[in-house]
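See structure below.
Chain lettering (A, B, C, D, E and F) follows the sequence in which the chains are written, and residue indices restart at 1 in each chain.
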Amino acid sequence: MGKKSLYFITDEDETGIELALENKENDITICLLQDAVFFANKTNKLISEALNQNKTVIVVKEDIEKRGLTNIINNKVNALDYGEIIDKIFEHDSVINL
Amino acid sequence: MGKKSLYFITDEDETGIELALENKENDITICLLQDAVFFANKTNKLISEALNQNKTVIVVKEDIEKRGLTNIINNKVNALDYGEIIDKIFEHDSVINL
Amino acid sequence: MSEEKNVVILLREPPHGSLHPVEGLRMSVAISSDYDPITIAIKGAVYTFLKGSDKTIYQMHIEFLKEIDLDIFVDKKSVEELGLSKEDLIEEVEIIEHDDVLKKISEADLVIPF
Amino acid sequence: MSEEKNVVILLREPPHGSLHPVEGLRMSVAISSDYDPITIAIKGAVYTFLKGSDKTIYQMHIEFLKEIDLDIFVDKKSVEELGLSKEDLIEEVEIIEHDDVLKKISEADLVIPF
Amino acid sequence: MGKLGILFFTGPYQSQACETVCKIANAALDKGHEVRIFCYMDAVNAVLQNQKKIEGVYNIEEGFKQILDKGAIVRLCNLCLLVRGTTQNCISRECGDIKRAGTPDLAKIIELTDKLIAVC
Amino acid sequence: MGKLGILFFTGPYQSQACETVCKIANAALDKGHEVRIFCYMDAVNAVLQNQKKIEGVYNIEEGFKQILDKGAIVRLCNLCLLVRGTTQNCISRECGDIKRAGTPDLAKIIELTDKLIAVC
């Protein structure tokens, strides 16, 4: 794979995930924060599709716990604390904020 | 028809129009303001469906003009000034804000 | 007029990302002194009543409404669309059919969205 | 680093209901002193460039970007989804294929949404 | 004449809501209706003093002063002001019938008006 | 260590964004990174003084004072403050490196940081 791109998605607008799904060039991580964590619900088709495409999906653990979503999110989604999120930001070549 | 209900829709959330479409009990007017006026675009399926159901659709004229939508909105949609919108609010039995 | 007005507080936004559902519940509590507001959660607002969610700033509103026998209704269609079931939600809310949600809205004199 | 950073300002919200597209254009102008930002409008932001819209508070940004040879791109797919065509939009913007939008995003070092 | 209630939630400039509220209130007052407005959540910041005038941008402070001058009754959620730290900045009561209030005042507005609209 | 830029657009309380910004900044500062924050649009109201503390609600004023104390550099869009009438309320420069600035300062932040995130 090529360049590592982080899709940093902080609101419930589906556009961010749609654009991430359409990006076939880069090595993609989708990072969900705030209300965007609701996309990680196991019944969500966009995130299932992203996982099927072997994209990495990470979420802010605190945002998941606060919302009571621990058992509701897709089990292929990785919940990280803020410190780990910071590491991920620096690990990527580009940040696509949405 | 029975009770006259005004669906007063002020943002781009489709929920308001969906709920108006599902209301078969009352005599419905859908009033679109602010970014909700974009729903009046002639290609929009929800508003076409509302008009097919013989629901009345009104929009704030100033919001249409400001956005340059005069020739883009469905011609069955009625553009009113604020004074006329006020009259409509008082003419209805109930206001369903969305 | 006044006393008999049929008011629906319609929660549609999810909790924590914004204060909307919390402020909606606070409004239901506030107007309960003069009216019997009907509180209904649709779409993402259903998440407000997930068993495991942090309710520090709105648990008191839920309890207050419960104490004065005012119902909090949750739209079954929205619950199902989110892949949730009755067991995922707290006992204080009542899941009702989507048609009943529509009926409550069509019967209302005033619907206020949060 | 720095000078060569490839920055995309991605407009996605429609104009007038919020300041987002206007502030996005203002940001493109502001960072054009150090970078060559690529401004792209998708979804409802396409309406920002409708011929008949009131551009009092952002016409100057469009003109400024044009003067320094920075393009404003508009996503063709979004234009079509809104039932619009090239003729509906002002001449200062360039409609590009959706694949080209994706390419610009995938090549960017930084994308900032408005 | 009629009595109109207006509830809104959003602060000035970022979104169009404050401008819409002023324009609707103006139109209603011009038609001789009574207007009662409740500013909830961020909307309390609509009535802050010293909002700088920008060409082409509707000045919300002036908008509110104008409708107050025409007789609009404006109530501000006090808790919302306190949390945001903007209590001291509000336009003064000399401008008209503007006061800090609690959420129960919305119940009063519902009671005292024929129709209530919410601007999101 | 790395250099992180943060841009955000939203005022306090109504939305979670300000809290998220504080928490991300905190985590980055704790790891020894440099943090530069640009408050744009309503986000300038995040740093107002006298925000009342409410049980269970993350106090944004304290959040910003804490990250300023840890060395975060905060820039506020001056025009955004002026338009909103909140210029006089900002927390003081004694709290740390916080200053009014123009949009070109965002270009500078992009230049001086390795990665920039936007919190909507």
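In this section, contacts are C-beta pairs under 8 Å (C-beta built on N, C-alpha and C of every residue); 3 or more make two chains touch, one makes a residue touch a chain.
These numbers come from a predicted model, not from an experiment.
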Both-way neighbours, i.e. chains that touch chain B and touch chain A: C, D
Shared interface partners, meaning chains that touch chain D and chain F: A, E
Interface ranked first by C-beta contact pairs: E-F
Interface residue identity across copies chain E, chain F - same or different by half: same
From chain F, the most remote chain by mean C-alpha position: B
Chain centre separation (chain A, chain D; CA means) in Å: 25
Centre-of-Cα separation between chain D and chain B, whole angstrom: 29
In chain E, residues with contacts to at least two other chains: 7, 9, 13-16, 41, 54, 57, 114-116, 118, 120
Where chain A touches two or more other chains, by residue: 11, 13, 34-35, 95, 97-98
Numbers and ranges of chain D residues touching at least 2 other chains: 16-19, 110, 112-113
Which pairs of chains touch, using the document's own definition: A-C, A-D, A-F, B-C, B-D, B-E, C-E, C-F, D-E, D-F, E-F
Complex contact set, residues of chain B against chain D: 11-12, 34-35, 38, 41-43, 63, 65-72
Chain C - residues contacting chain A, complex: 14-18, 44, 47, 50-54, 82-84, 88
Sites on chain D touched by chain F in the complex: 1-3, 5, 7, 19-20, 23, 26-27, 29-31, 33-35, 110, 112-113
Chain D residues touching chain A - in the complex, by the definition given at the top: 10, 12, 42-43, 102-103, 105-106, 108-113
Sites on chain B touched by chain E in the complex: 8, 10-11, 13, 33-35, 62, 81-83, 85-87, 89-90, 92, 95, 97-98
